[in-house]
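Presented below are the structures under discussion, each in the form of structure tokens.
One chain, subunit A, links the two complexes that follow: it is found with subunit B in the first and with subunit C in the second.
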Partner chain A sequence: MNQIDLGMVDWARAQFALTAMYHWIFVPLTLGLSFLCAFYESLYVRTGKEAWKKIAKFWMTLFGINFAIGVATGIILEFEFGTNWSNYSWMVGDIFGAPLAVEGIVAFFLEATFFAVMFFGWNRVSKGFHLFSTWMVAIGSNLSALWILVANGWMQHPVGMIFNPDTARFEMQNFWEVLFSPVAIAKFTHTTSSSFIVGSLFVITVASWYLLKGRNTEMAKKSILVAAVFGLLSTAYAGLTGDESAYVNASTQPMKLAAYEGLYNGKAKADLVAIGILKGQKAPDDDTDPFLFDIKIPGLLSLLANRDAGSFVPGIKDLVYGNAQEKIVGVKAKMERGRMAVADLAAYKNARKSGDKAGSAMALQKFGVNQDYLGYGYFSQPEESIPPVKLTFYSFHLMVTLGCLFTLFFVVFLYLAYKNSLERHRGLLRLGVVSFFLGLLASQAGWVVAEAGRQPWVIQNYLPVHIGTSNIAAGNVQATFFMFLGLFTLLLLAEVKIMLKQINIGPEEV
Partner chain B sequence: MPGYSQNNIFFKWQRTVVRFYLDGFRAMTVGKALWKIILIKLFVMFAILKLFFFSDYLHTNFSTDQQRSDHVLEQITLQSKIQAVEDKK
Partner chain C sequence: MIGNLDYATLQQIWWILASVVGSLFLFLTFVQGGQTLLWQVGKTDVEKSLIINVLGTKWELTFTTLVLFGGALFAAFPKFYATSFGGAYWVWILILFTFIVQAVSYEYRKKPNNLLGASVYELFLFINGSVGILLIGAAVGTFFTGSNFTLNDYNQVKWTHPLMGLEAAFSLFNLSLGLFLVFNARVLGAMYLVNTIDFKGFTDFEARVRRSCLMNLICALPFLLYVLVSLLLMDGFGFDRNGVVSMAAHKYLGNLLAMPQVLGLLLAGLVLVVWGVILTSLKGSDRGIWFGGLGTVLVGLAVFFTAGFNNTAFYPSKVDLQSSLTIYNASSTHYTLTVMTYVALVIPLVLAYIAWVWRQMNARKLTEEDVTGDKAY
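Take a look at the complex of A and B:
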């Protein structure tokens, strides 16, 4: 089969999205709750009060349930790489090998070793060593995330590498450039800080339920106090890292920035859309207002994107069709260079095969001139470079809106917990019970922005999604899509059931 | 084994670690159900999904890295791939 099956591409994308989104239900809770467990245990060690020990052990049990159910769900993503995304997987193998190997070692030594001490070591190792182990689990879990996010960051902003036309692989030239890529750093800090918020909201959800039921009230109030402080600090941190992400996007993925702001026509002193409803249909070049309704903050987008309120922020139209005045090269011009790169790569391959040394040297030289535009050579129209604008826009605004509300939410909970009057505010406690689900929603929306917003690229500028797939039939992917749907739904139901049972038992039996 | 007795420090350390884990597993309450889920999950993932549905495309269809490179290079320079997108429009 030589022709690509576009149905297969869509199913492979859907399957990857499904798996990643299910996996991401478990991960942020692990990342956030691990630190909260460490805080509670630190308070126990510092004060010597048994109440804090009971609290730490209770949240550790819920952490353990989530960890156990969620562990290895990410491995399925690796299965999919080999089966559905073999071209992509081959091409990035050399880049991803190092970070993922480090992740494996870190995960094994830090998590696996200290995890056992954290759960089995109460009263069997010293207080200090137990606390150290709990902190190591928290740090190890979050460091594991670093390496995955470095790999993801590289796909969004490929640096520290060269493309080897002999092996068809990207080869790492500078590990540190890959590790400290601004996209990877922004991605890691924003992802972990938002996961801390999710962990804090989880504690508030469970504790609010206890307060509404009038059970375990002292434990619930103490838990909320710590979670609200951690959550509040994390929202501030997530705000800063989110700002940094947008700033980095402006230079590395301007199309993504334009999509999540619904900005079609670029402008100087660009406004930030605070609230907006996009029109049903919109062509990138029709010069009509994309919004049915919007509230904008003047100049703020320019300030956030370029740290200059008067600066020009390119819109989708500028990026697709070019803007000579702002010296922006359009996709059409990039497509021409990309097609030359594809043709020169093919010529190099054929000349090498036939033993034509002069021909292969010439083709390689010509390929080198245009190789940075390789991915554009696979487009048939410039508009293919536009990501799904509505999905990206609404996901971004949902994430930001919820993030802002969480700040207010943590302030109120912290104030009332400090004043010891939470139980009198039953409406707020009901909101507290649903807050974890809003946190998960915001976290998932964040990933939709990151991944839908970077379409159509699987590797920015080098490889569009439809070229990265394997030559397999759509039917195969469809079948496994529904298998995963079933498997993950069962796992989720198991987690919810065991978690609810444990919450219902409460800290007494832990 | 010469010099390897039950008084050996390494042996004692090993025994302590094994006992630590065994006692820990025995004392688990929620953990038993979790271990069942983990084992079933890993079995489904590796013994069913990986084995029957998720073979590695390049490792299954090609035997050397050279062949794999050639295949991928062929794929990314294939005009029919680009044409397929144009045909759909």
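Take a look at the complex of A and C:
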């Protein structure tokens, strides 16, 4: 499996980051706003008040504009695994393909079918059936998130599978383990709850603008009231699931945890970095303080990571070079065993080809001893196992800081909306107008933590990124990178222009 | 019961399921066909709006079926997914491009301040319906004409043609299949428009749509004929008991004779499509789409079954016969196929609610008033 074309890996990664981040501009809004539309329409059906219908229809118009570009940017992702990561697709397609297919069968059709009713069914179906359809779109969208996050969760923490040396690929052994993996559950709950926040912030952004302009004030205040309740509940849920994500990281991806905490030298009673500025240069083993400036909360990291304030949390240095005292095997030792596994696998293949039964049995037995370290056999330096620390650290802290601020933000908006005095707080309304963009920023930062933080692995501990790519010249991927960049930017501009126009037109005319 | 199915049976079930999804997609390309008819049969803004709005409630169904086709192949035949997408790079990328631009066009075409203007979004729809379908046809054509790739010991694909998949569009057979699908989609598109638009006060428009159904069938025929005759005459890629692939004379003719049910599907499908056209263009009926649609599904099934069953390599390599993919060497494991088969049990439920919603939404034909309303595309 010698396929080291670094240019290709870099472009394939860049393209995935580009397409996924573009897609993720629209998806959190779809996930959150779909439920808000369902809430508004439920209020209409329950109360029979036309005002709620108008509100529901207005947000649905904006939902539809966003949904279309979400679909457009999404299709490429499903096929990009094949075009740019074909070796990955073959090696794990047995496991990774299944959730994607399930997503298509159980979720995409719900969205696609009921979306048409939601938008064109007002005069064609009954009130109750229309409401049902709106709920189905919300549930379908979130179900599709479930399956793709199960697939992503499996890449972060591969479970329920074995490696088959005959085909040189990973094969599923237990579907339930894949589906109910704690990482998958944490990913799904944290991603959807944080998307509900983004959806709520979107409503507050648009409605705050109306209040500042003195337009559609009743509609805006009603919208804000529902969005603030939903947003506040979602921040609480996102906090709990975020805590769970970090707890799961501690046991499944300790390197990621160490990177987003900027923890180089592991310790017991480890402190949580609340705010920190990392030094420009830092070697993993130079034992210097990684921070220029920091504010730490004593013992909290140990508590959050292991539910035990006195426990040891390994740092980057421990994980790379090992720590005998804490019984941590370093990457260097794992690389040696990985190289043996690579050699034994090749020997097994050759012996089988030449019909040498005894030789292949022996090679297979030797391979079995080290097969769990196979992925490490493709590293040339132990330091390759370190993800980009600064990017991961700052993204994580940005996400958490904004997440905490959103809680406060929703509390204040809810209180003032309840007291009917929002219009008097113009500074706050201005903050309200930018809040959606902060929400998107936090959401994107969350994915940077999840994906940059697990580098260099495409399958944690088993498959480094450079082994997973397609065997094509980097120029192809480079060309399509710019094609997608150009096309998606053009579509984004169109979407923003249309969205702004519709907001300007307002709920009266839509 | 599913848990006890043997491996080969599961592999065959999944080839059938993938074929069903692929064939349903071909039926649903009435959306793409309708998109290419937009300029030809829609002369006024209202006529165009009627076309866009009847297609607009269905485009996502087609789109989703294509995505499911990809997902099902990934899960059930990952070696095909990895080999074809990772090798025939450009043909797939271009197909995807045409679907990306389609996805925004319905929603954005008539919205104020849409940056590109309605005609550009209409052009996107045309490209999707023409280039997109043509290339899908060319890609399916390679199931019979073969591709240029080798697989190494670790099943990593190496594409040996510099055009990286686009060479598929330069084979007369593949091109003919593609053009047949383009014209067939237009036939279906016309049938669907007749089925869903209330032509009261639009007699010229109706006449144009009905005539175009027949004209497009006539355009499709030479390509269909070329594909069928070539298919019966060409040598194909068979494999023996040990999985060794070799060229077999008149392989696909042999397949049709060895599987008379498949030949039956093909003939019945073609007759149904023609009957659908007769109903639409000559008999003034609006139910042609059901015959044309079912016929297209049957023809699709016949094509996929001929490509994959009766010991035939469905994704053959021209440059290294032993790298060719069969439903037996390209599939997921027994366990994964079993799990996926359990999941597939919900497909009837999915089809049922799609059909139910379809009935609800299409119970009344689309009128001029509908497209001047506030929710029109």
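Rule of thumb we're sticking to: the second predicted complex is superposed on the first by the 501 of 510 C-alpha atoms of A that agree within 3 Å, B and C clash if a C-alpha of one lies under 4 Å from a C-alpha of the other, contacts with A are read in each partner's own complex, and residues count from 1 in each chain.
Going forward, a residue touches a chain if its C-beta (ideal position, glycine included) is under 8 Å from a C-beta of that chain, and two chains touch if they have at least 3 such contacts.
Just so you know, these numbers come straight off a predicted model, no measurement behind them.
Colleague: On subunit A, do subunit B and subunit C fit together or clash when superposed?
Modeller: Once both complexes are aligned on subunit A, subunit B and subunit C clash.
Colleague: If you tally the residues of subunit A touched by each partner, is the higher count for subunit B or for subunit C?
Modeller: Higher number of touched subunit A residues: C.
Colleague: Of the two partner chains, subunit B (first) and subunit C (second), which one does A:Val342 touch, if any: first, second, both, or neither?
Modeller: Only subunit B is touched by A:Val342; subunit C is not.
Colleague: Could you look at A:Thr113 and tell me whether it touches subunit B, subunit C, both or neither (first, second, both, neither)?
Modeller: Second partner only, subunit C.
Colleague: A:Thr288 contacts which: subunit B (first), subunit C (second), both, neither?
Modeller: After superposing on A, A:Thr288 lies clear of both subunit B and subunit C.
Colleague: Touching A:Ser421 in the superposition: subunit B (first), subunit C (second), both, neither?
Modeller: Neither partner.
Colleague: In the overlaid three-chain picture, which partner chain does A:His466 touch, first (subunit B) or second (subunit C), both, or neither?
Modeller: Once the two structures are laid over each other on A, A:His466 reaches subunit B alone.
Colleague: Once the structures are superposed on A, label A:Gln365 by its partner contacts, choosing first (subunit B), second (subunit C), both or neither.
Modeller: neither
Colleague: Would you check which partner chain A:Ser380 touches, where first means subunit B only, second means subunit C only, and both and neither mean what they say?
Modeller: first
Colleague: Once chain A of both complexes is superposed, is A:Thr489 in touch with subunit B (first), subunit C (second), both, or neither?
Modeller: So A:Thr489 meets neither subunit B nor subunit C here.
Colleague: Touch test for A:Ser251: subunit B only (first), subunit C only (second), both, or neither?
Modeller: In the superposed model, A:Ser251 contacts neither subunit B nor subunit C.
Colleague: Give the one stretch of subunit C, out of 92-100, 218-226 or 236-244, that collides with subunit B after superposing.
Modeller: Comparing the options 92-100, 218-226 or 236-244, the clashing one for subunit C against subunit B is 92-100.
Colleague: Common interface residues of subunit A with subunit B and subunit C?
Modeller: Residues 3, 64-65, 68-69, 71-72, 75-76, 79, 82-83, 86-87, 89-90, 116, 119-121, 124, 167-169, 349, 470-472, 476, 480, 483, 487, 491, 494, 498, 502, which sit in both footprints.
Colleague: Within the complex, which stretch of subunit A touches subunit C?
Modeller: These residues of subunit A touch subunit C: 1, 3, 64-65, 67-69, 71-73, 75-76, 78-79, 81-87, 89-90, 93-98, 100-106, 108-109, 111-117, 119-125, 129, 133, 164, 167-169, 171-173, 175, 349, 353, 470-472, 476, 480, 483, 487, 490-491, 493-495, 497-498, 500-502, 505, 510.
Colleague: Within the complex, which stretch of subunit C touches subunit A?
Modeller: The contact residues of subunit C facing subunit A are 53, 56-58, 60-61, 63-64, 66-68, 70-72, 74-76, 78-79, 81-87, 89-90, 92-93, 96-97, 99-104, 106-108, 111-116, 153-159, 164, 332-333, 335-336, 339-340, 343-344, 346-347, 350, 353-354, 357, 360-361, 363-364, 370, 373-375.
Colleague: Quick one: in the complex, what on subunit A touches subunit B?
Modeller: Touching subunit B from subunit A are residues 2-4, 6, 61, 64-65, 68-69, 71-72, 75-76, 79-80, 82-83, 86-87, 89-91, 116, 119-121, 124, 165-169, 342, 345-346, 349, 377-381, 384, 463, 466-467, 470-472, 476, 479-480, 483, 487, 491, 494, 498, 502, 509.
Colleague: So in the complex, the part of subunit B that touches subunit A is made up of which residues?
Modeller: 20-21, 23-25, 27-31, 33-35, 37-38, 41-42, 44-45, 49-50, 53-59, 65, 68-69, 72-78, 80-86, 88-89
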